[in-house]
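Worksheet: one structure, shown below.
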């Protein structure tokens, strides 16, 4: 008996649940949980099932693909540790939050390495026996620097996600396309407010009464990728921008860790610049 | 072509989704939305489907009942206005919130009447051309008073829900059992904190930093019924208990209206002292 | 014995609290509550005191002005009902929320009239015996239409605030300057996200996981005025933009009513495009 | 030039702000921030001023005490690192959150040691070069065990706060009285709901839609001490109690760290079972 996470994303049409569940039934699979969503506007069907039983993955996948509309995406994932690399710059709160969870065995992941453009966080990371790679951007063109990082990343087998835990450099399209829908970033504002640099300063100057943070997949447009999770806190006039930043860090780290957890549990579908999350 | 809301609640077993969806498929019903939940601990399966098509309700119900484990509950509901009666005492915020929504056509409901133990709210209610019945409890035993209210309620055909919009009297088991899982109350605390009288005063004296409200079905144990919705707001030392009450009213009315909306859309399953809400 | 709200806004310098409180002391005024804030960046001091006692307003004001740095703003306000005019278009939720509070005696205000560019809300408003003025914009240039509205407003003596309870027209600088820092608007997004038309549609298309509303004073730049209050709710992929709108209305009305309450209690200082709120 | 935090707590009477600010003025102290609160019910005045200037602490204290009503409490604190000891049992999230902040230099504190009744967290704590003391309760009466812990604590000079970062043992009155208003605990529910053991299980069984956490000072009555900070998150029927616990940990750690920060900044007044927080 094994557990399988089955993720289906296809054009909507009548009878999909019946067709899918009849295949599960024929293979004597027991549905532990089932989530479905139909996007009416885009006529698109999403389903995530967790089943247990005993079946040949490739047979099941083929049968599903055969029964579903053309172009359907079918993923069958065995629960288990995914491989991730963390990237950070100088701030430790988001990275540290992940490290503490990792140490507690709370994350279903192997942290293969931390990559940074500074060595500031090296002492912290090495406490946890995780390899730390400093790739300084000093004196390098953006693309040259990214090339070095990409070479490092390429050295990791079966890398599932790159997690930007306050990595403060903008990625070029070349970098992003190498890990499409697999780079998770935390942005320090409730997007789409305060795109770009120093959002807390922007928020302070705008006089907002709420600050927030957004975890999202990175795509080619800065801060425009599909949103995974957001949260906010109330502030008032007594908050200077450094106070907002301090409070904001608490939001950032919780939101990033929540997004990472959703990714590790295969709960996120990306379509266009949106997500469906079960 | 018609729309149907199908609510199923039964013992969990393998193949339920398959069995149900194959019946839908055979009757050429299109699933518009589908929600399922399995309570592992209690081995119980819940499903709410919205489908459209054309089918004889009683045939569909019988087929489903036949296919499902013994004791299954199957409800097939046509979307449409439900009949409700509101009960209140003297405060107008929760009642008023419902009236404004009603006037705007936002509620899928007919408000048959408002019943109160005072005539305080009569001028407000009559603005909206809704019958107002004062049933004073003056000089009456609790059960005598309730008998009069029950007689009034009995006069309404097809009454779906009784909504206690700050009705400040405790109901006896006799009253409650006449409308099991059909009386929705708003309690002015985040239950189970501050059960009983004057929760804001209790909250003030306890020095809490959060106050809240809870909408729940009423059962025989005071403030112990299945919770439908809850929300909270932050407070600080500068809030006296009347300030808490004032702020709390905003939570109360929103939470009650949300619970009412969930009920009107047939989104709530009650089991034991809990709810499943899709 | 009377109560006074004293609002002081001036350049910061050493000894301000001493100077102010010594004047209060000399007039035998008892401080019931006292709030102060210094904006370091702008070297500016704000203070709101509620005192009781018996003093000649103009004497007190003069003494304070004399003791404070040049250019100080000193307001002495007697608690009491302020005069407001509401403006709306077709939606009733924000307007209705204010009407219900008004009817309950919860607002320290006289609602002099409701002005709308449609007569949709007339039946609702007249239930509450409040004059309703339809000023259709049909066939009128923006400025011509505003001129008519301004003439109406000019007819009200001692008008304190104009409250835009979902008035869906953009105001010109001419209109705004006539009621500087006295027009309160509710914008249906957590500004500065989704400035402009149909923010819920924008939010839906961006795929946000949080929606919100913002009450602010109106200035010449659309949706750029000083923010008074904001709040948000979580949403997910299952929310279409109409669902967001429906949920958003609950945020809008509560946030607008909260902002109005703050204004009626003289708790808001405006400076630049920011507010200090005690 | 030095900074001073001045905390005053006394019977309310007319002229307090004047008397206090005139003393500040005489010593040429500049008020950087000032917060006041009067509890009407208890006729009690609270004030926290941050001033800079140059003054002899004991002279200032004496002058203030002399000017204020009898029994006034006056504290003059120089900003700077306080000494704290953390206590924990087996869970690392709350402790880890504090350690990461400590490492980042975010806490104005020296962590003198971590004390636990298990050695589970020893490897984590020692990464941060903080002494770890295991005081097993195995085979010991509660009071005997506490005696050992108290002896350890007594060995630290100038200990300011004991922070219970998920220390899962109930303290006896003897222990508590040794550190009155100086033991900060995190309780894993929004008190006063779910007092006692396993609150997440209680919450799950009650079917709540909100879970929370509460940081409070410990006094003699279990979970009845003055509340410092609370926060909550929404849950639904799909959360088993372990899911609630997992989500709850994120609330717990943020709330405890916030409470600790408030304590380190001398922002908390305790009176009766309440707090005033500036």
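Order of writing sets the chain letters: A, B, C and D. Residues in each chain are counted from 1.
The rule we apply is simple: a residue touches a chain if its C-beta (ideal position, glycine included) is under 8 Å from a C-beta of that chain, and two chains touch if they have at least 3 such contacts.
Note that the coordinates shown come from a computational prediction; the quantities given were computed from them, not determined experimentally.
Participant: Farthest from subunit B by Cα centre, which chain is it? Let me know.
Facilitator: Measuring from the centre of subunit B, the most distant chain centre belongs to D.
Participant: Can you check which chain pair, C-D or A-C, has more C-beta pairs in contact?
Facilitator: A-C
Participant: Between subunit A and subunit C, what distance separates the C-alpha centroids? Give it in angstrom.
Facilitator: Subunit A and subunit C have C-alpha centres separated by 40 Å.
Participant: Quick one: report the Å distance separating subunit C from subunit D, using the average Cα coordinate of each chain.
Facilitator: So the centre of subunit C lies 37 Å away from the centre of subunit D.
Participant: Two or more other chains touching the same residue: where does that happen in subunit C?
Facilitator: 37
Participant: Please output the residues of subunit C touching subunit D within their complex, sorted ascending.
Facilitator: Residues 14-18, 21-22, 24-25, 28, 30-38, 234 of subunit C touch subunit D in their complex.
Participant: Over in the complex, which subunit C residues touch subunit B? Could you list them?
Facilitator: Answer in residue numbers: 91-93, 96-97, 99-101, 103-104, 106, 124, 127-128, 246, 250, 254, 257-258.
Participant: Can you check the complex and tell me which residues of subunit B touch subunit D?
Facilitator: That would be residues 37, 39-41, 190-194, 206-210, 212, 226-232, 236-238, 240, 272-277 of subunit B.
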